[in-house]
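Here it is, the structure in full.
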Amino acid sequence: MVFHKFFKIQSDRRPTFHDVTEQVGEILAISGINNGILVVFSQHTTCSVLIQEASDDVNYWGTDLLMQDLVNVLEKIIPTCRTEGQYLHPGTKHIEAAAGREELPSWSLNTDAHLRSVILGRSITIPVEDGKMVLGEFGRIYFADFDQVRARERYVRVQIVGE
Amino acid sequence: MVFHKFFKIQSDRRPTFHDVTEQVGEILAISGINNGILVVFSQHTTCSVLIQEASDDVNYWGTDLLMQDLVNVLEKIIPTCRTEGQYLHPGTKHIEAAAGREELPSWSLNTDAHLRSVILGRSITIPVEDGKMVLGEFGRIYFADFDQVRARERYVRVQIVGE
Amino acid sequence: MVFHKFFKIQSDRRPTFHDVTEQVGEILAISGINNGILVVFSQHTTCSVLIQEASDDVNYWGTDLLMQDLVNVLEKIIPTCRTEGQYLHPGTKHIEAAAGREELPSWSLNTDAHLRSVILGRSITIPVEDGKMVLGEFGRIYFADFDQVRARERYVRVQIVGE
């Protein structure tokens, strides 16, 4: 059996981390699949899907402290892109192609997000046993959007294969 | 067909890397699945599962040199957490929640392990062909525990989907 | 249903990134699988598989600018291995074992590639819906070879599970 469903979240103009554990669990319940694997996937190349413990505490923006610690580490190795020339990408052809899609040049200044998200990965795969995801005592599923140039609607895709 | 089994390993108070290739291979043999995919998964949010070449040489602690090189790289970007205030997490609510679970405050000083492990990832997915994992000539499966605050028993979960 | 196929690419003596989206799509079409998951996997422990946006622009070597930005970030945290002693690995036993396989000692100076590739990951998993990979508007599949000591033929493995 294969089951697929997606839902949307709204990101902000800073790295955002949505706890989507409940929504994914509801999709698993609807699927009727009891044993197999469940994939949570980002179709966006500046986003990731992660499993992490919930922080309990949040910062003034509402971001889990553990996720802000992650952003702080990433900022050191992949600084936020503030202007063209800071990274090689986007080049002139890319900016032209973006203009053809009626995108502002500044919208392409998300190189940091492309690099951060590819290191964290585009998906997670979770065992399903007796109708439940095996996440341990503390595991939560987060959809991470590292893009800081635009607030956007994002697709969270769930694919379940099993019996 | 879906097959699931887990086993336990014992970590130490330093980053530990268990070569679990043999155990995973035995589970595949028991499953009777000849073609499909095999997922090795950590349900712990300070642990990862990796595929890497064996180092042949080990350091005085018995750690593969290649894994110690990995730890040395991670130490530069995510230093070992030695005291509160070094990272934002754990905050006061987290410490209170941990106290409610009868955990010592110092046990929550594993922020480095949460960050290191989420970058390395929680699972690996391996093709299965003719009853064998496709790992190439040198690929070995390692269960990595980055938590340095406690020696613990850890669950290594294997999920196989195929025919 | 399970379908497996591999193809080969030729790497160079620098980090190489092959866009394999078309080849993977052709394998999916041949498989006849309409819904499920598709895994693109590296059996090599110095290679990764990534999803990233195409850069449009390339550098003088023909490398996507976004991929060169990734290499530049990795170079800062995991410098290219130029001589023994720079990393712990390879140790003496490893060099002896390599000699037994008629490998030159310099071929083992790819510690940087082992470390870079394990952080990026060995595989990607993509949902398949109505016979198509769900890659969004911009997602492309890249096979990355981080090994800089030898130009080599590499296996790109595709495993599809579904119905």
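Labels A, B and C are assigned to the chains in the order they are written; within every chain, residues are numbered from 1.
Basically, a contact is a pair of C-beta atoms (placed from the backbone, for glycine too) under 8 Å apart; a residue touches a chain by one contact, two chains touch by 3 or more.
Note that the structure is predicted; figures quoted are calculated from it, not measured.
If you draw each protein chain as a dot and join the dots that touch, every dot ends up joined to every other dot.
In the contact between chain A and chain B, the residue numbers used by both copies make up under half of all numbers at that interface.
Rounded to the nearest 5, the angle that brings the Cα atoms of chain B onto chain C is 120°. The geometric centre of chain A is 22 Å away from that of chain B, both derived from CA atoms. Listed for chain C are residues 37, 77, 119, 121, 125, 161, each touching two or more other chains.
Here chain A touches chain B in the complex through residues 35-37, 50-53, 55-57, 59, 64-66, 68-70, 72-73, 76-77, 119-121, 124-129, 134-136, 138-139, 161-163, going by the rule given at the top. Against chain A, the residues of chain B that register as touching in their complex are 1-2, 4, 37, 39, 41, 43-45, 77-78, 87-94, 96-97, 111, 114-115, 118-119, 121-123, 125, 155, 157, 159, 161.
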